[in-house]
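All chains are identified by letter, namely A, B, C and D, in their written order; residue positions are counted from 1 within each chain.
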Amino acid sequence: MIKVGIVGGTGYTGVELLRLLAQHPQVQLQAITSRKEAGMPVADMFPSLRGRVDIAFSAPDAATLGACDVVFFATPHGVAMEQGPALLEAGVKVIDLAADFRLRDPVVFEKWYGMPHSALALLDKAVYGLPEVNRDRIRDARLIGLPGCYPTSVQLGFLPVLRDGAKLVDGTTLIADCKSGVSGAGRKAEVHTLLAEASDNFKAYGVKGHRHLPEIEQGLRAIAGHDAINLTFVPHLVPMIRGIHSTLYARILPEARETDFQALFEAAYANEPFVDVMPAGSHPETRSVRSANTVRIAVHRPGGGDQLVVLVVEDNLVKGASGQGVQCMNLMFGLPESTGLTMLPVLP
Amino acid sequence: MIKVGIVGGTGYTGVELLRLLAQHPQVQLQAITSRKEAGMPVADMFPSLRGRVDIAFSAPDAATLGACDVVFFATPHGVAMEQGPALLEAGVKVIDLAADFRLRDPVVFEKWYGMPHSALALLDKAVYGLPEVNRDRIRDARLIGLPGCYPTSVQLGFLPVLRDGAKLVDGTTLIADCKSGVSGAGRKAEVHTLLAEASDNFKAYGVKGHRHLPEIEQGLRAIAGHDAINLTFVPHLVPMIRGIHSTLYARILPEARETDFQALFEAAYANEPFVDVMPAGSHPETRSVRSANTVRIAVHRPGGGDQLVVLVVEDNLVKGASGQGVQCMNLMFGLPESTGLTMLPVLP
Amino acid sequence: MIKVGIVGGTGYTGVELLRLLAQHPQVQLQAITSRKEAGMPVADMFPSLRGRVDIAFSAPDAATLGACDVVFFATPHGVAMEQGPALLEAGVKVIDLAADFRLRDPVVFEKWYGMPHSALALLDKAVYGLPEVNRDRIRDARLIGLPGCYPTSVQLGFLPVLRDGAKLVDGTTLIADCKSGVSGAGRKAEVHTLLAEASDNFKAYGVKGHRHLPEIEQGLRAIAGHDAINLTFVPHLVPMIRGIHSTLYARILPEARETDFQALFEAAYANEPFVDVMPAGSHPETRSVRSANTVRIAVHRPGGGDQLVVLVVEDNLVKGASGQGVQCMNLMFGLPESTGLTMLPVLP
Amino acid sequence: MIKVGIVGGTGYTGVELLRLLAQHPQVQLQAITSRKEAGMPVADMFPSLRGRVDIAFSAPDAATLGACDVVFFATPHGVAMEQGPALLEAGVKVIDLAADFRLRDPVVFEKWYGMPHSALALLDKAVYGLPEVNRDRIRDARLIGLPGCYPTSVQLGFLPVLRDGAKLVDGTTLIADCKSGVSGAGRKAEVHTLLAEASDNFKAYGVKGHRHLPEIEQGLRAIAGHDAINLTFVPHLVPMIRGIHSTLYARILPEARETDFQALFEAAYANEPFVDVMPAGSHPETRSVRSANTVRIAVHRPGGGDQLVVLVVEDNLVKGASGQGVQCMNLMFGLPESTGLTMLPVLP
């Protein structure tokens, strides 16, 4: 059994981690820490866990966490880089759901997250936790920076046409028009995500610049193997709880007009347990992956022209966060990659 | 033109007041105060008002408000009883959307609102702003305590069977099972009303005791003319923005079994401009009054038995708050009661 | 492995059955029939099942279904009583999710469902599939009439105070004010359940009489062991997908005023795997049981008076339909009752 | 008073027309026809109109409609081209909310709508009812083909950069990523728009080709004054009732890099009563125009690069349909353009 600790855990990625880990056959949940809620049984905050998760939030404690095999940080940005180093020194593996170990360049990190990076020595050791790109490195990693929710969907959607310097689309005019359910904003007391504000409403946000843009561009450049990648990223807020739908646009290069993009995508993901390339002409729905670790992708070329349109759906809390974390954990501990991640989506 | 000021106004009853007053043909909006947002144009906070409401929030200022004919308090409980007395002395009429002047007994007020009442001398002068009960007194009032959203619907639903000591139902076993949209909780940054918490979900709350219970019982006793009234009140939170649906239960007394309750209700409200008694067998929907000042009521007697079931719908922000305030203002200034309140509901 | 067939299966209880059975460790899905959709892969209609449920809808066929160990009817009312008898003769067990075998009196059935009962001989053999009431009889049953969604929640909520003739509440003035998500209306093309009709809206329906009323009264009378039970049942439509919240009202009898109802409920359900009595003062939320087979109950006595208020939540598609069917199947085949039903609720 | 008739009127554009016309100070509603619902009072179908719209649906009748000054067709595609010619001959003006008179080329019409055009002689006389483009022609028109909901938002969003052959963006690689509330699908009994299907869900649809694509391209070419316009149009379904959000993408031409696009848009719409260009950096929300005839637009240039992003919101039932129809009617009858269209948006 893998002994698991969670730092944080009062937010949506935290409760989703608890749901997944409590049902994972190889996991023993050792501790979940929250300074603010110390002493409160987890199931009092999240009654869905009553009778199944019996531990209480505890004050952060180095000894308890140090006795774990792996610790997840489901915390605000900046916590993992403070507390992670000591755990790593104690031999504990660390998986950060926040942004501390996503960006390789600390200057970029500071620009977008408004704080200096305090664990520079670890940046080189951290592995970006996107198994479809970095599977082998994840197996050997001791520190994982999990991708953001939007970046997971956008990178998986563009991967087949950019990989290894492929000359299929114009990488400098990529567009990602992304739509997210409100849980992506976290379980924070804020006005703009109240039901009375966000329901029966639709809007874009962060058009001037969103933290996930540099992460996506970094990832796409790594996938492509070159830096000639530019993305326009426009996120939108959808009046629903879970789910991301990314609508991706790329101009097909003249020399690639004969490409069978459907076949290309199917081949790229033929062996991936959590990426489902749907039949030509499909329109994936976010609910088709609700509560599951699956990404579904459809490829379109409207009117047979030069505009490639890729539709990607994921559950932002699962493949976009906690599920991907469990997937990485499975790889890091030599378990079958799908262990504990086989629950079917809940539809309707 | 009536010169109107608003104290508060950054919440939902505030923006609804602005919507109604900006379209009222006899109103000139003089000032809207918010200490926190002073200087911000109102339309920056509520873009729906762009081009139509040009004033900015201003710091509370006795001179400005004192020059108004009437001031609405769309504030948290406790503000009107602090600031209202000076305005009244200056000859300004006051309409409070909060609870300061709803309850006649200051001991009850303190018990349920957790603060002592600071304007005891005004309690006798304040008129409870429910025109269907207190129309004449409202015309002459200088200080109005507007009913809560739930109390409006429950009182109007029980009024025909309780009025003037009628012996029709057992007043000691009344039940009000009420359901409200989330805007009833206000525009406050709180976790439990986030879309990701309250959407696709349903729950009761406050079953042990809710502030509107003493207000409703006080109102029903005044309507009945005696004190033998007891109510069980169970409010619920509905995943929608606006609307209250009250399902009311009363046991018909043996001597009243022959009563034609449909006719009774129709007669009771025949001349009311904002109460619509629907045909027998109807099920009113909250959306049928969305954004309008109308209450719709249907009367049922399932199986022809002794259980009377009354269904009442209202828009909690209009007839349940701001619209009722405008209705009272019209009465206080001798205008036709429906002035500025004739917009049709928005459906769908 | 239990060989399972499904008749129908294109509706919400059907896809929910598929979700549960596909993850059940002791089930082999043999056939799912739909005359209209014969030939269509199930996963084309429900993409959430892609890669996990590989069979296609087939035309109803006696031989295929006759080779199953058990057949579920997820069909409109009236189908199971036509096709069930032949299957039973062939030694197949039958579980009907529709109403054909819920009501014991064929006269009552015909009155409420508008068709004569065509399998009168089976009415005596059918067992009402509510394990918390009929566990032992279900073990031995060959034909199950599964309870309706509302009846499950109402019967479990009243059971502790009515069981075996208990003199605790006035059984003749019971009230069930129930609220259901829209999936309860089924996956049928109808106007009143369109998102643009039912969203941001709330209404009661069927106040004059709902088919679940005679079923609930029959069940409560069986639980009580006498016929002095009368219920007022008012269902409402909630703008959400899944979930039922029943708010139950009963007048406490004078001689029962000293009863500790919290303890009574806790004792009644102490050994039930799927009924969770929450701590005193709780308000269960429907989302706390979303996609799970659990019912959560809270008991209140507002103001310490004589009105008992019981709050019950369930997922109408799981404990209110398909999950309860699987629970019965487990009992009928001697499996641990929770087999395949341990997935945690999905929250948020 | 303008005597108005409505053909159809049982759908969402119909009830919205009724809401607007019933409040229009210069309109007298003469007749509303529906073969299927003849005899039913309109307010029985739409209780929001109780007490305000007293007429009943009537069977279609040439004499009644022929006595009107103007007749709106709120019907499925194909009805106006059948019944319109006789009305026009009788001197009645006609405004079609369906697609019969949107497309100038009958071959294109037949391709996308699956029926031959039966009123070819009128195609030249019909005016496309987009006042911001065709105001003068609308004043003189006797037959209006109202734009579709998506086309209104997309054309108004691209107009300032395409008008009169402007060389500002690459017109051959335009993208419109559009999101619509479910009322855009109409009040039709269909499975895919049920609340239990469309709620808590997001998907694209019609990526291979949508009927609004040829209409938008025709309109943009007319605005530009040339044919070098190609659009990729991807519509999506949002779990909300009303509202369209169009996110528009255009590549800025090298020679236009110094353009002040914010100023360009503000100038283009400076005198338009129903187009609101928001301050730089804004993110318009659909609810900010809910139930109003206003379009709000924001212009972005993320990172100061060559990608122009235009955000447009409208209420699909008002400016996207019925409100625009009333706006055209006002122009056709010499009334101030905003008559009856000044109601403020309903927010929240």
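One rule holds in what follows: a residue touches a chain if its C-beta (ideal position, glycine included) is under 8 Å from a C-beta of that chain, and two chains touch if they have at least 3 such contacts.
These are the chains along with the protein names UniProt gives them: A, B, C, D = N-acetyl-gamma-glutamyl-phosphate reductase.
Keep in mind that this is a model prediction, so the values were computed, not measured.
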{"item": "Pair joined by the larger number of C-beta contacts - A-D, A-B", "value": "A-D"}
{"item": "Per Cα centroids, the chain farthest from chain A", "value": "B"}
{"item": "Centre-to-centre distance between chain D and chain A (centres being mean Cα positions), rounded to whole Å", "value": "39"}
{"item": "Mean-CA-position distance for chain B and chain A (Å)", "value": "45"}
{"item": "Junction residues of chain D - those touching two or more other chains", "value": "12, 181, 183, 187, 196-197, 199-200, 239-242, 284-285, 287, 290, 348"}
{"item": "Complex contacts: residues of chain B adjacent to chain D", "value": "12, 15, 19, 22-23, 46-52, 183, 187, 199-200, 241-242, 276, 278, 284-285, 287-292, 296, 317, 342-348"}
{"item": "Residues of chain C touching chain B in the complex", "value": "173, 175, 177, 179, 181, 196-197, 199-205, 207-209, 230, 232-234, 236, 238-243, 245, 247, 249, 251, 281, 283-287, 290, 300, 302-303, 305, 307, 309, 311, 313, 348"}
{"item": "Interface residues, chain D side, partner chain C - complex", "value": "12, 181-183, 185, 187-191, 193-200, 239-241"}
